[in-house]
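These notes open a run of structures that come right after.
You will see chain A twice below: alongside chain B first, and alongside chain C after that.
And now, the complex of A and B:
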């Protein structure tokens, strides 16, 4: 008989329902990851007690660690399920929803607060329009490299889940959306609106809510140097605050 | 805020690159967009595009020209693409790149700070703009940001985690709305519109394991096909030569690997055999995808030379400077290390071809209107631009370009006065109630089949009969098997009868659409008795596959006289089967010539 991998999955039938655990066994195969295991459970949704149950609900799209959809808490750590290889995980493997976000069902969560935060920090270039006008400005290739590093952020929410300052006790919008402000401030056109973004980060829920625990960088699946950019933003915000005083 | 009743309402289904660009265009023209998506649009499948986007920038001293891009695309597509449509696309390409650059796409730069360009398959000149190896992600993000800006202004209304179910036609037969279902609350609702654009991407999931995201199931395309929209050229399915085989998905290893100097080889007589370089001296490793895939398939399956006898060949970057690789291909090298556990900078990668892209899709005219008035299609879900085979890095281009066409055209149609009467409350409710009934029926399904297992079987069937090498025996058998699957669908049993995020019930509905789409692909392939681009058909002799004196399979040739036509598939509601016919398209600019990548292109 094939080797089995045991999963303990924290389930929840509805947003306001009580969570409960269910256990499933999945046939081991080389290269098996957590999403592939959940897919196997879909094909045969039977618990280790032999009970036929509704298949586990979760979110996934690309399975290549670029879309950010399948973030969940695996053995206590927020991460993407698609690239969480069973070989690298302690057994039994415990799956939980990232409860920093409202749970919709099972491992499916509502991350709309992150997209709302992107609205707040004005995470875009103020384009006159999508028509042709002139060439875009030349960019310093080194700055562009930094921008690319930050721009790979996939809004997965690992950093919010890991951050001790994101939660009901605080308004902090979280590391990922905050650092996006830095990205747009780097762009030759985006920097025209840098003061606006920095002023937003001065407000409640902005950079002052960051406690520099550095958990964010430790869990970022894209290895974005979040603490470095948070520190630089903090400096930029302070300079902006002084400018605000002297300009008035 | 009072609603502006005079604003034109455009429904856009799908928030990938095409849907988002269409959204931006509609907003700029004063329209209001209702944007529907399976997921937050920032997670759409466009982000899996890795290598880049083609545009003749001519900044590498190679005297590249727009004509050359045009000719490469038409030739690469084996003369089945509408040439006037392609011409419009390649002419717009450099402008689109400059616009995306202004939007903040993090394109990789030269030391001077200009946009860098790389080589790609089927093209001799450096023409591909890129952001490391996650170009699609970076373009999608910039568009997502622009759409968020319009959302803040109150003219984009996002319906994320809503599934499109079907269109609603008014009494004149004009599309004036859609029915959609919330994937979280399961609420079913009708939405009216002046124009509807589908930008729902490709049908990769019809093949089960492929390079596409799990959301790329072609279900929306199949739904409108069943409502009378014509499908064009569905038999042209691109098999990407270089993917990491996996049981949950085949992960793409970008063509940029070959563009940056990667070499494909296997051991033969104990020595590395660079078979693409030997078979195709002019283009070498940079032959187009259909050519490379067939060669790899031949080497593994027919010659038995795959690595350790398995269906795998080496894709080798280990001779290239590690720092350079990190800068140009960082994203995908990281992915390979993560999923396979080996560093491609040190050891050759092991890859095999995988279903990747659909050249075919909903038939559209050059303005992206389907045959159903008021319904448009844009992006991979339409059939335009790529003919029988798509060149690498032309998909980001066609996605972006089609959105810049469909958006403004949707507004023009909305204002034309030709879209007939608005839907009445009763018509909207009737459409909603019909979908509700169908959904409730699924919730009651109590049979013995598991939908995910059926899906797996369908994928196996499609790979066996309708992938790299096809023959009429197999295609006939496949059609029979698909019909059986359709029957077995009725015997599905579901375990989830809940009313929150019922993914199982939604998948059951999608699966039926997928089976019907699979039949369209297979029938299209069955009827096209020639080889062209991605469609390679083996000659049968006395009911058996024919081999030549060397023991190689004999393929049908390209037959311009009988098959240089667009395949058109209509759905027959009585039998549920696809009906095939052929239609003229424009090929007035470049005369068809034989396609041969062993020698440099001659015009």
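And now, the complex of A and C:
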């Protein structure tokens, strides 16, 4: 008999339905991760009591920690299911949807609030044309490494789930979209709109809602130094506030 | 765009660290005179009485009452926006974040009692001047002593952790090294102030 791994999955049939737990056993194999386990459960959705149930719904895509789609709460912590190895997790493994976001079904969540937030902070660069390679504005070589680091953000939502200040009780847009403002402010063309982005961050739900719990950086699967860039943005909005007062 | 939220938050931060921090230091300084015995504290309290009444009342209203009410009321609004989760994310900073809010809740209740009883009722209504003997009598009840020590420790922790978060909020400490240095210094300060509190509270049982 193969060794079994017990999963306790918090399920929910519809956005407004009541959540309930179901337990499943999955055959252990070396290198098994949570996504692979969920695939096994999907093939044979039978609970430990032998009851056949509708397969568990979840989201995944790249399976290599690049797309962010499979973020869920595993043993109480928000993380990517694709790189959560069963060997490293305490058994039984508890899977829950990231309830900071609206739950659609089971472990599937609606992460559109992050994309709405990116629209709010103008997470893009206004272009009015294109350049030949030699004439194009260049990235500042001294900040390029930082820009690359922040650009790896995959809007998975781990930082929003772990942040005590993000949720239905608050209007904080969350660490990830806030720090994206800094990425676009670093860009040689994006910097022209920096005052616009900083002014948005000064509004309700912006950077002032950050309470420095620093959970975001601790859980970021891409190791983005979020707290450092939040502090930099704090500096930038303070200077922007002085400009707003004294430039007029 | 007037950014009311931004200015209120920054005012909350400044008011807590600078104004209420001063109030806390004044309390610890004056109260630590109790270590010297009844004359020590009573002399310090009489010295404060030398400040002309209108200036003293002005300082109490402008330097304590208004900042405290603003910091407290806006602070409740801020605390209500957090869902503390150190049980799942047990990092030091997250514990401090939760403790910052728990101490705040305790202080709201404690300060209503402390200011309401000692300042408004005893000093204001009955007109009894605060003295070593009065406090010694007040602290005969062990529950009062325990609540006062916890109240002081809560205020001290709230202030010292506030130094660390103030430095982040104002963009003074940006990198992890500087943040660590400031948080070490502020926690040392916290330990020191808590110890002084314990010593001057103990002096009521020595003399």
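By our rule, the second predicted complex is superposed on the first by the 241 of 248 C-alpha atoms of A that agree within 3 Å, B and C clash if a C-alpha of one lies under 4 Å from a C-alpha of the other, contacts with A are read in each partner's own complex, and residues count from 1 in each chain.
Here is the rule we use: a residue touches a chain if its C-beta (ideal position, glycine included) is under 8 Å from a C-beta of that chain, and two chains touch if they have at least 3 such contacts.
Here the structure is a predicted model, which means the values were calculated and not measured.
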First (chain B), second (chain C), both or neither touched by A:127: first
Chain B versus chain C as contact partner of A:202, first or second or both or neither: second
Superposition-derived comparison: chain B or chain C, residues of chain A touched: B
In the complex, chain A residues that touch chain C: 76-77, 162, 164-165, 167, 169-170, 172, 199, 202-204, 206, 208-215, 218-219, 225, 227-228, 230-238, 241, 244
In the complex, chain A residues that touch chain B: 13-15, 29, 31-33, 35-36, 39, 42-45, 52-55, 57, 59-69, 82-83, 85, 104-106, 108, 110-112, 115, 118-119, 123-127, 129-133, 135-136, 138-141, 144-145, 147-148, 151-152, 154-155, 184, 187, 189-190
Complex interface listing, chain C residues touching chain A: 1, 3-7, 9-10, 78, 80-85, 87-89, 91, 93-94, 97-98, 100, 164-165, 168-171, 173-176, 179
Complex contacts: residues of chain B adjacent to chain A: 21, 24-25, 28, 39-40, 42-45, 47-48, 95, 98-99, 101-104, 106-114, 131-132, 134, 137-138, 141-142, 145-146, 148-149, 151-152, 184, 213-215, 246-249, 251-252, 327, 331, 335, 338-341, 404, 450, 452-453, 456, 495-498, 500-501, 503-504
